[in-house]
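These are the structures in question, set out in turn.
Two complexes follow with subunit A in common, the first pairing it with subunit B and the second with subunit C.
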Partner chain A sequence: MKLLKYILKRVGMLIITMLVLITIIFFLFRILPGNPVSMYIDSGLDRESQELLLRHYGLDKPYFQQYIIYLKNLIKGDLGNSFQYGKPAIEVIYERFWNTVILMLTSIIIAFAIGIAIGAVLAWKRNTKFDLVGTIIALIARCIPAFWTGMILLLIFSYKLNFLPAGGMHTPGVRFDSIVQKYFNLDFLKHMILPTITSAFYSLATPLLVMRTSMLEIVKEDYIEMAYAKGLQEKYIIKKHAVRTALLPVITIFAVQAGAAIGGAVLIETVFRWPGMGREIVLAVSYRDYPLAQAAFLLIGLMTALFNLIADILYALLDPRVALS
Partner chain B sequence: MTKIRLLLLVLVFLMAFNLSACTEAAKTDQTNEDEGTESEAPIELKAEDKVPAIEFWITSQTYDSIRYEAGHMISDAWKELGFDVDVKTMEWTTMSAEGMSAHKHGAFMVQWGGKAERIDPFHWLYTMHYSEESGEGGYNIAGYKNAKYDKLADEFVTIMDDDIRKEKSNEMQKILASDVPQPPIVHRLVTQVYNKDRFTNVMPSMGEGLYSFWNWINIEPLTEDAVIKFGAVNDIKLLNPLTTTTGQDIYILNLIYDTLVKVDVNGQIVPWLAESFNVIDDKTIEVTLRDDVKFHDGSPVTLEDVKFTFDFAKEVKAPYYMSKIKAIESVEITGDNKLVFKLSEPFAPFMSNGLALVGILPKHIWESKYQELGAEGILSWPNTPTIGSGPFMFDYWRPNEEMMLNSNKEHFSNPKIDGILRIPYAQAYGIIQALISGEIDITGQNMLPLDLEEIEKVDSLQTIDIADQGSYMLHYNMRKQPFNDAHVRRALTYAIPKQAIVDVIFGGKALKAFSVVGEINEAWHNPDIEKIDYDMEKARKELENAGFRWDENGMLYYPENYVPLEYLD
Partner chain C sequence: MKKIKRFLKGNIAGLVGFFIFIFFVIIAVTADYLAPYDPMEILYNDDGTVKRLQPPSKEHILGTTYMGRDVLSQLIVGSRVAVLVGTISAICVAFIGTNIGLIAGYYGGVTDNLIMRFVDVVYGIPFLPFSLILVAILGPGVKNIILAIVLITWRNSSRVIRSQVLSLKNRTFIEAARLSGAGNARIIYKHIAPNVIPLSMVYVSTTMASAIMTESSLSFLGFGDPTQMSWGRILFSCYSSQAMFKAWWWMIPPGIAIAFLVLSGYLMGRAFEELANPKLRER
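So, the complex of A and B:
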């Protein structure tokens, strides 16, 4: 009962957060100088055509009226038509969304698997040279911008060695009959290797360091000493006693990291010509495609908030020390 | 975490920015102090006579390094002349809205594309300099309102006779070259690349280069694989010809839809979907339609389709088409294969800037869609698969990945290649690597000197240089001081280091520009004009002769009892 109340309260807060978010985003874009027409003015649209376009986009009305219309449509689930593509913004995003999710989720999972393993080992070998070097490498990985890693990998593996494709999601000119075929084939996997490595390398440090810190706390606990005293093998103690308990904080940051990664895919998608959502957001902002940008930010905001909510609930469920208040 | 990193980056930049601003401020403080201590400053230089600061907008270095670097070179020269110049870096969308539309600028540069329809200098001479185009959103960005010029412009646009139009055009170019409301700086020599082992017979046009419609029709394959892979930076957006706005979309739509006439590589009007056309008087044009053309879905192109296209675009107020067809009063079918366009008033560039740009739509598709979606809906209709009658047919499009066009082998001017695969690379370096690895065969992207070093190492790649009839133009704002004075504009123009810009910024790959109508546009360019080129001495003289004065710090002051001379005559 207490838990249900907690969840309900959290969901209520989430709705308020989203309302504030969409309001800020809505006005923020309109305060920016320029409008969807200004990007193309030098291509020769005359004054009347510009006005016709703005009227067609509904931008001739006062901001507040536009906002009311936007909210009304939002309640109906209509996020508006993208100015650039002429179709519903949600449709445009949906096409790109899965490309991003597949790439980022894969790399996050890999980053967490490797990060947790290395973090555990480093903590076990704490205060050795091995620990020192490992921690430094992790910190360096955290500090190198993802686009730089991406470009270096491209330079080595595609431009010089010609070993892996230089970007894109498929070899140019390939056709598919179905969605399944689009994502489940060797060609797609090959194109996924470099961006996945780049992104995973970048995301590696967080789980690694959190795992290491968490393990360091645990190995000092009495029950680990107890396990030693019982005469258990070291490998067994790490696996069954230490790692399991230390995983808790790592799992909760997974939710937060996953949300952030999908929002932060911009650089990787641009470097690797990945047709995902991040690239679309950059274009939407610079072309002042308000409906598309609003929808994309709304979606990212919603995802991050949802993942946070899940993390909070998970924490409350898994760790009785977190008070439900 | 990425956000924090970005934030940090922004902070570092801000700090650097502030530092430079501080040193700037310190400098001005110092000069103020200097002025304060030297009480013997000449008395006749009153503070209110000081020439107001010029606000000069430039793009960021990453958006367009040319406008950034050239902007700094020009502003340095202006400062040397004694002008107080305030250089501001701006995002292009902002600059476009505030400058090109709202005309709130002091001075800024625009890279004007030299599209085929601009070979007839209507855009350069009329739209950009006619007084009535100077209102908000108009293309007369400088706010040039010269009565003498307007009279010539009126004649230029209403008289159908090309010889008379050329006379007027020559005179207009002469006035502009001396009055310099918005001087052109350079024409680019665009360097584009294609794979000469796989394709031959490319046909670039002035201004459009390999993007030219004629290139895709004429290019020939040398191997079995006759699909040409074409690399670009940005993807297309919207294939609805009624509402499209980007140049990239228009290039593709031109391949899918046929127009009645086309502008050839030399700027001549040639019949296309029209078998012939006949100018009956300055308000009546008769067009005879070809009878052997079919839409991609198999139905024939009829007079009904042609008439429908124009009537329909007017009815739904299609933004892109409206500017091309506003001169049309009516379209009437007058015979088996003839129709007549009646204009509401004479409009000389009607062919190049009207008929040549309006793709003929299949009535049977658009009429029923219109009934289904209404006037608003039809303007947002994505229109895929795109059905036209042109030499290329829409196959598929995966946004931000690739788009495929197949050749229409039944077309009266059928392409030699089998199709075009268009791939957007998001970044220029992606295109260069794709050319080197052989992933693409051709690009319309301009190659910079550094990129060329890599390209030239590959034997199969051929580069071609094409002069652009469009130009980088510097727009003064004559609505503001000190640009409302012809002497000031001339002095500022004398201070533009054109040759240095060509040599340093373009690595020699550009031509100095003096007339708004490019030199490469031989049919219309007037070589017999005043050529205001870099000469600081003449710049100084220009101001001196007009009575301008300098203080001991070299800052510029207006003459006594100053009355600006807006136009030379």
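So, the complex of A and C:
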């Protein structure tokens, strides 16, 4: 019951967050200097046609009224037409949506799997040279800009060794009849390898360091000492007792990291010309295609908020003392 | 003895971070004297052709770019934006975050609830896409990049500082101050604030690191300050000139510079973390 109330409260927060995002984006695009309204309308036109156009787009109404209309359209899923593609912005973004989600979720899962394993080993070998070197490498991994890692990998594997494609999601010209075909083929996998590695490498440090710290806490607990006292082998204790408990905090940060990764996709997708939401938002902003930029921003925001919600719920389920009191 | 040894070990990392940071600050300050060429100057060979993509030589230690510009000079001058954006954002973020954390934590109740829900909302804003749009609309420039960073990043420090304040405000020395007639403002800034300063310093350092990363990311995406050379911008022009496969000397150095400066922030952050939370020292 308490849990249900907590979840409802969090869902309410998600709705408020989205409303704030929508409001921010609405006013950003209209009130700030150099606002895009001036982009819609050619300043070379005479006054009368300018006013006609303003009325046509509904831009002559007061901001508040425009805002209400904007909200109404949004609920209907209408975010306006993309200037570049000449079709509804939401349609364009929806095509990109899965490309981003598949790439980023894969890389974050890989980063967590490897990070948890290395973190556990480092904690097991605590206070040795091995631990020190490992921790330093993890710290450095977080400091290397992901787009630079991507460029280096492209240089090595695509240009020098020439066995992986230099970007994109498919070999140009290839057509697919179904979604399953689009994502389940060798060509797609080949294109996915480098961006996945780049992103996973950048995300590796957080789960690794959290796992290490969490393990170090656990090995001090009484029941671990008890296990030692029982004469159990260290390897067994680490595997069966310590790792399982230490996983809790790592799992709770998974969702938050996944949300952050979707925002960070902007860089990876740009370097590898991966046709996802992140690259689309950069292109849309560069071409001043504002309806498309808004749609991409709101969808990325929705994904981030959803992952935060999942993180909160997971946290409440795994550690009810903290969240529900 | 063992403890002291370990403490020093932790602080060697912090010290290394500090020296890396100072090293870059010195380069940034003296950039105009250190840079052998104007970073934007197009250089020509004796026969009048542009010095396009020349590999490292005595004249150009890090070679030249596609447009015939000196990479080393660009790298040196580029440190200015990194250090500037890093330090200013860090100070602003720590100042705002600490104050919000202090107020929310100290007053509690409705104030706390409202502020913390607001922080939750800010946590829902995707950082890089937001800064990208903000900078694109306000116009590219160092000021707007800093604004975008500060508007979002204060959320991290305020949450942690608040919980620290929550645990501090019921301690006896605060009670004593209140009984002796100290006002709220005095208690907050005279008695509580000094105890959260080490924690704020953690956020000064880590925000510096993340701000530098954000600035170079924005510049790499083509939204950097067009009047200022920056490391991200070097990589942007390298990437977009399609010459990155032919000119490793153009591509490798800026990435290393970014990584080192960001690392210095995280290293200092870890040292402050140990200071703020002595329990960590035992590890």
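The rule is simple: the second predicted complex is superposed on the first by the 288 of 325 C-alpha atoms of A that agree within 3 Å, B and C clash if a C-alpha of one lies under 4 Å from a C-alpha of the other, contacts with A are read in each partner's own complex, and residues count from 1 in each chain.
Convention: contacts are C-beta pairs under 8 Å (C-beta built on N, C-alpha and C of every residue); 3 or more make two chains touch, one makes a residue touch a chain.
All of these numbers come straight from a predicted model, not from anything done at the bench.
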Which partner chains sit in contact with A:Arg273 here, subunit B, subunit C, both or neither? Use first/second/both/neither. first
Tell me which partner A:Gly264 touches in the superposition: subunit B (first), subunit C (second), both or neither. both
Scan A:Ser286 for contacts with subunit B and subunit C and give back first, second, both or neither. both
In the superposed arrangement, does A:Phe201 touch subunit B (first), subunit C (second), both or neither? neither
Touched partner set for A:Phe29, first subunit B, second subunit C, both or neither: second
Would you check which partner chain A:Pro145 touches, where first means subunit B only, second means subunit C only, and both and neither mean what they say? both
Quick one: classify A:Gln50 as touching subunit B (first), subunit C (second), both or neither. first
Based on the superposed arrangement, let me know which partner A:Gly86 touches: subunit B (first), subunit C (second), both, or neither? first
First, second, both or neither for A:Tyr159, with subunit B first and subunit C second: both
Would you please give the residues of subunit A that touch subunit B in one complex and also touch subunit C in the other complex? 32-35, 142, 145, 154, 159, 260, 263-264, 267, 270-271, 286
So in the complex, the part of subunit C that touches subunit A is made up of which residues? 117, 120-121, 123-130, 132-134, 136-139, 209, 213, 216-217, 220-223, 232, 235, 238-239, 244-245, 248, 251-252, 254-255, 258-260, 262-263, 266-267, 283
Contact set on subunit A toward subunit B in their complex: 32-35, 37-53, 56, 81, 84-87, 92, 95-96, 142, 145-146, 154, 158-159, 162, 166-170, 172-173, 175, 206, 260, 263-264, 267, 270-271, 273, 275-276, 279-280, 283, 286-288
Along subunit B, where are the residues that touch subunit A in the complex? 1-3, 5, 91-94, 96-98, 100-101, 110-113, 115, 117-118, 123, 127, 135-139, 227, 229, 234, 237-238, 240, 243, 245-247, 250, 317-320, 322-323, 326, 376, 379-383, 396, 398-402, 404, 421, 423-427, 430, 433-434, 436-437, 439-440
Which bits of subunit A are touching subunit C when the two form their complex? 13-14, 16-18, 20-21, 24-25, 28-29, 32-36, 126, 139-140, 142-145, 147-149, 151-152, 154-155, 159, 213, 216, 259-260, 262-264, 266-267, 270-271, 278, 281-282, 285-286, 293, 296-297, 300-301, 304-305, 308
